[in-house]
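Take a look at the structures listed below.
There are two complexes below, and they share subunit A, which is joined by subunit B in the first and by subunit C in the second.
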Partner chain A sequence: MEIFGVPTQALFGQLLIGLINGSFYALLSLGLAVIFGLLNIINFAHGAQYMLGAFTAFLLLNKAPALGLPALGYWWSLVLAPVIVGAIGVVIERLMLKQLYKLDHLYGLLLTFGLALIIEGVFRNEFGSSGQPYPIPEQLTGGQNLGFMFLPNYRAWVIVASLAICLSTWYLIERTKLGGYLRAATENPTLVQAFGINVPRMITLTYGLGVGLAALGGVMAAPIYQVSPQMGADLIIVVFAVVVIGGMGSILGSIVTGFGLGLVEGLTKVFYPEASNTVIFVIMAIVLMIKPAGLFGVQK
Partner chain B sequence: MMKRKLSIPLVFAALAAMSGTASAQISDGTVKIGVLTDMSSLYSDLAGPGSTVAAKLAVEDFQKTSKAGLKIEVVSADHQNKADVGSSLARQWYDTQQVDAIFDVPNSAVALAVSAVTKEKGNAFVDAGGATVDLTGKACTPNTIHWTYDTWMLANGTGKALVKTGGDTWFFLTADYAFGHSLEGETDSVVARAGGKVVGRVRHPLNTQDFSSFLLQAQASKAKVIGLANAGGDTINSIKQAAEFGIVKGGQNLAGLLVFLSDVHGLGLDKAQGLIFTESFYWDMNDQTRAWSKRFAAANGGKYPTMVHAGVYSAVLHYLKAVEAGKTDDGTKTIAKMKELPTDDPLFGKGQVRADGRKIHPVYLFEVKKPSESKYPYDYYKVRATIPADQAFRPLADGNCPLVKK
Partner chain C sequence: MSAQASTPVAATPDSAIGPQRVAFVVMLAFFALAPLVIYPVFLMKVMCFALFACAFNLLIGFGGLLSFGHAMFLGTAGYVAAHAAKEWGWTPELALLAAAVVATVLGFGAGMIAIRRQGIYFSMITLALAQMIFFFYLQTPFTHGEDGIQAVPRGSLFGLVDLSTSATMYPFVMAVFFGGFLLIWRIVHSPFGQILKAIRENEARATSLGYDTDRYKLAAFVLSGGIAGLAGGTKALVFQLASLTDAHWSMSGEVVLMTLVGGLGTIFGPVVGAAVIVTMQNYLAQLGAWVTVVQGVIFVVCVLSFRRGVVGEIGNFMRKSL
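So, the complex of A and B:
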């Protein structure tokens, strides 16, 4: 059977690939949505923080022995990289972003954009643009023949892990008491503070969480792509489009749109590959015309 | 009255002529060399800051032997892989910064744009980093020389060799811009001439991260050879992900149509081993290339030179020799002089620049070593075949360059 000249079997393969890419979009846009929804900061450094996650994994594996530490592999990095990069995020929030809350969104955007350029420049200077190799963890090498395609085990893991992370983040923020405090603090910080909750600390930790999610995405991407300084810059624009389409700040919106746009992009790569890096922006334009607040956004 | 009116322009003309001879025809007393390259994106390892280092080494070596006492300055800029940025930088350099000649310019789209600006301004442009064979074909100009390699040479070297060893069905993964199209087109015709067949192609945007869906299409095509008509980071990611999807294990071969030392270094021998491709320079060929490359690496943060870096060095050296011999840095005259003088340098040996602007030298078919065969840092290639200079590049008559008299 064929659909528009493409065998259905091949189409299934492409849809699955789309889903895999979608899981990266979802993971990254999730962090952005958390930061924007709860802190009102447009975090342009998100791509750089994703790259930092990948580089932390690379450094833990290859450079840690030089410091007398054991070489830490993929599974360690999955835990440590988000913590390390998240901590860097906390420092950035405390030292710089905190000063900007009273000002327009634009200042936060400019600051994080500048930070991204600096971080990427430093890494390019140090490591070059060709990137560094990072091996797939031994347990996940090889793949399964699904009949319609060969699915590398690692890619299957990426879908599962990213879905789990997305859903638990959504649950944490929308369904738990802690998430409730957070959302209340963004609505009315003074009142929440009056109840004895340390709002500034909560905000700092939320930024750290968002940044940690970016770093986690970076570690998951390291074995698939080269660990290269511009890996985040290439992705961040698309991810912003995902967040805008999903509705700025909507957590569920960013997850659903992330996976959905991955699928759409996958299909475009089959039917008209030349347009595969523009299709998302075309959709963005259409969505903004029809629903300016995004698919899941609430008009304020 | 009539007489006086006429005499004023005459006086000026005479003055201009006098001042011209007085400064030995070097405009503003300095030969200014502009290295226009990709400083910040996927081609910045294969060209980028290393190209500036190579240009400076060439100036250093030229000054050691030259008696002309030329004042030479090297400047550089980032064209960001955008043709409009490249051509406006070139314009600015020529118009207001007294740059005499532009070198390097990886990215074919930018190279074609800079070549057009250079012709309009009458300056000199030696492309060492770009690939499209059109620079010496239908788009050739009296102000441009194409130095290191081109798409015809790559297609001819790699395409022929692979069809000969049984790779007779091809699928192309092509970067969707001037360079990819040119490389795909040239390889397509080489494969057809050698008796092979192209069964499919897919064009991906420049600077793509994920190649899996393109690779899946290539896999489904059942072609024996998957030709990668892309470069730099795109090639690296294609090869890496092809390994992940078990493409080579499944019996299909990858042909990197344009692979640089920096790509092999980035991939690691583990992933790159067995890859066959064509290049015009490898650092570990003889004592002279080794000595130069070590000097280069010391100035380039330990990174060894690609053929583009070697090309920039050799091109700048020859350009300066032509300026010295012609006693002028006028673009059109110097390019003519560069074609007239035979080339000779430690990296490419003896060669020449043809009437259409094509620099010719021998090129090599390389294979990437297995990790077990590599004995020291950057010990990556072994030579499979040498293609002599007169067969390596497109025959002069086939290019339809208007400068070539028929």
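So, the complex of A and C:
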């Protein structure tokens, strides 16, 4: 069977990869948007923290026995890695980022860029540049034959799980009281503080949450891509482009843009593979020419 | 940038020129005499990166625009100069001219897109555009992928002076560096430079005074790209190599670091910063990946407690704008 002269197997295979990539674009750009909303900084270390999540899973599985602990598998990591990496994020916010809020936003970008260099450099020294394999959890091995394509269970899980995480984050921020405080503090932190809400603590926890989301993405990515020190560095630049295209004003916007661009990238791989690396950047340039605030953004 | 707002950055341009002239003479004397004791190729590398950082600083220090994609100019110009010199047999001055022209055109194209957003969006867009250019060079055949363009001939200047030895190449690089530096110095102290600073301090007010700020920002971006291209072309001729390293995002990060260490928004800071970072890379080269970690630590320390940079601190101590 063929569609536009392309075998359906190849077409749907690439679309699936596109959806998987899109899941990670959505997860990461969501975290960036949440952090940006309240802290007004772009977290350049987001890719490094995603990598940190994947490595936490890898270490819990392979190195924990050396410390006398049981080897903790995928499901444990799914809970523990975001908590551990999120806690590191909280420490970073308290010790460093906090001092920069009164300065130009660019300093936050520079600081987190430095942190990303440190984290990635340390892991490259320890583990080298080559990737480390991470096994798919046994409950999710195998796959389904859908007739027109073969769908591995783990990949289906990643798409469903990341959609669920994105939508619950959206619900948390747009529909709960806590989210209401958060959005209010984004608009006017001084006023919210005057109502007796501890805004500095909220900022700290928000950064922790955003970082935790990145780490969660990292754990989910570990069995698909190999666990390597530079897995986050190249991804984060694409995610920046995704954020520029979607605009950071809306949570749903970043989810839709993330998945959408993943699909577009997958399609490009089928029809014009040479451009698959650059298609998102080209789309970014076009969007900026037509609608500078981004597809879902509001120009301030 | 707000941190600079408190320092007396050329509030009265004429009072700033005096100490800067002295510093310039010191710098000129240093680069003229240093090859007697320091390895000339190392000094040429410093001058290439110093010019690159000065070009970058024109944008961030005086226009308030943080470009995170300046490697695209360095890399592009390197490839153009190397290709022109090796494949077409152009003389070095023509190869360099071609490199600067192409980088300027690239600056116009990228600038048109990037200046449509401000602040951190600008940084993200320049980073993304540079990454796009990087992938283009990775795939297109004329760059020879991972190998780069190797064994680029330095050629003869105007077809007369053979540049293959350091004795002739060094004065040539020095002339390019000081030419570029003086151009930037002139731009900063020109009415155009004053308007750029006004835009940096308060864009809305500059607009209300009747300045089309987008045009000024674009002009600054184009100039910065062109001069960065000059640096990239020279670097390719000095090392007889144009490679992907120069176009990679980590190079964009390095130039930010150099400028930050030397002092954002100072005239001489980028030169000092480039010297510091290039020296450090030379001594730490055997440490491998730890260089990245050290650079990251310097970034963090500079941002947290050393935001004025070396030259900024000296200037602040002397109450002079350097």
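Here is the rule we go by: the second predicted complex is superposed on the first by the 289 of 300 C-alpha atoms of A that agree within 3 Å, B and C clash if a C-alpha of one lies under 4 Å from a C-alpha of the other, contacts with A are read in each partner's own complex, and residues count from 1 in each chain.
Operating definition for what follows: a residue touches a chain if its C-beta (ideal position, glycine included) is under 8 Å from a C-beta of that chain, and two chains touch if they have at least 3 such contacts.
Just so we're clear, the structure is a prediction, and the values are computed from it rather than from any experiment.
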item: Joint occupancy of subunit A by subunit B and subunit C, clash or fit; value: clash
item: Which superposed partner A:Ala10 touches (first subunit B, second subunit C, both, neither); value: first
item: Which of subunit B and subunit C A:Gln230 touches, first, second, both or neither; value: first
item: First, second, both or neither for A:Val282, with subunit B first and subunit C second; value: second
item: Subunit B versus subunit C as contact partner of A:Glu274, first or second or both or neither; value: both
item: Subunit B versus subunit C as contact partner of A:Gly131, first or second or both or neither; value: first
item: First (subunit B), second (subunit C), both or neither touched by A:Val122; value: second
item: Partner chain(s) touched by A:Tyr154 [first = subunit B, second = subunit C, both, neither]; value: first
item: Subunit B clash site on subunit C (candidates 148-156, 184-192, 202-210 or 292-300); value: 148-156
item: Interface residues of subunit A shared between complexes with subunit B and subunit C; value: 121, 124, 274, 277
item: Complex interface listing, subunit A residues touching subunit B; value: 7, 10, 13-14, 17-18, 20-21, 121, 124, 128-133, 136, 143, 149-150, 152, 154-155, 224-226, 228, 230-231, 234-235, 266, 269-270, 273-274, 276-277
item: Subunit A - residues contacting subunit C, complex; value: 41-42, 96, 99-100, 103-107, 109-111, 113-122, 124-125, 233, 237-238, 240-241, 243-244, 274, 277-278, 281-282, 284-285, 288-289, 292
item: Subunit B residues touching subunit A - in the complex, by the definition given at the top; value: 40-46, 48, 176, 202-205, 207-210, 212-214, 216-217, 219-220, 232-233, 236-237, 240-241, 244-246, 250, 262-263, 265-268, 270-271, 303
item: Subunit A-facing residues of subunit C, complex; value: 1-3, 66, 68, 113, 116-117, 119-121, 123-125, 127-129, 131-132, 135-136, 138-139, 249, 253, 256, 260, 288-293, 295-300, 302-304, 307
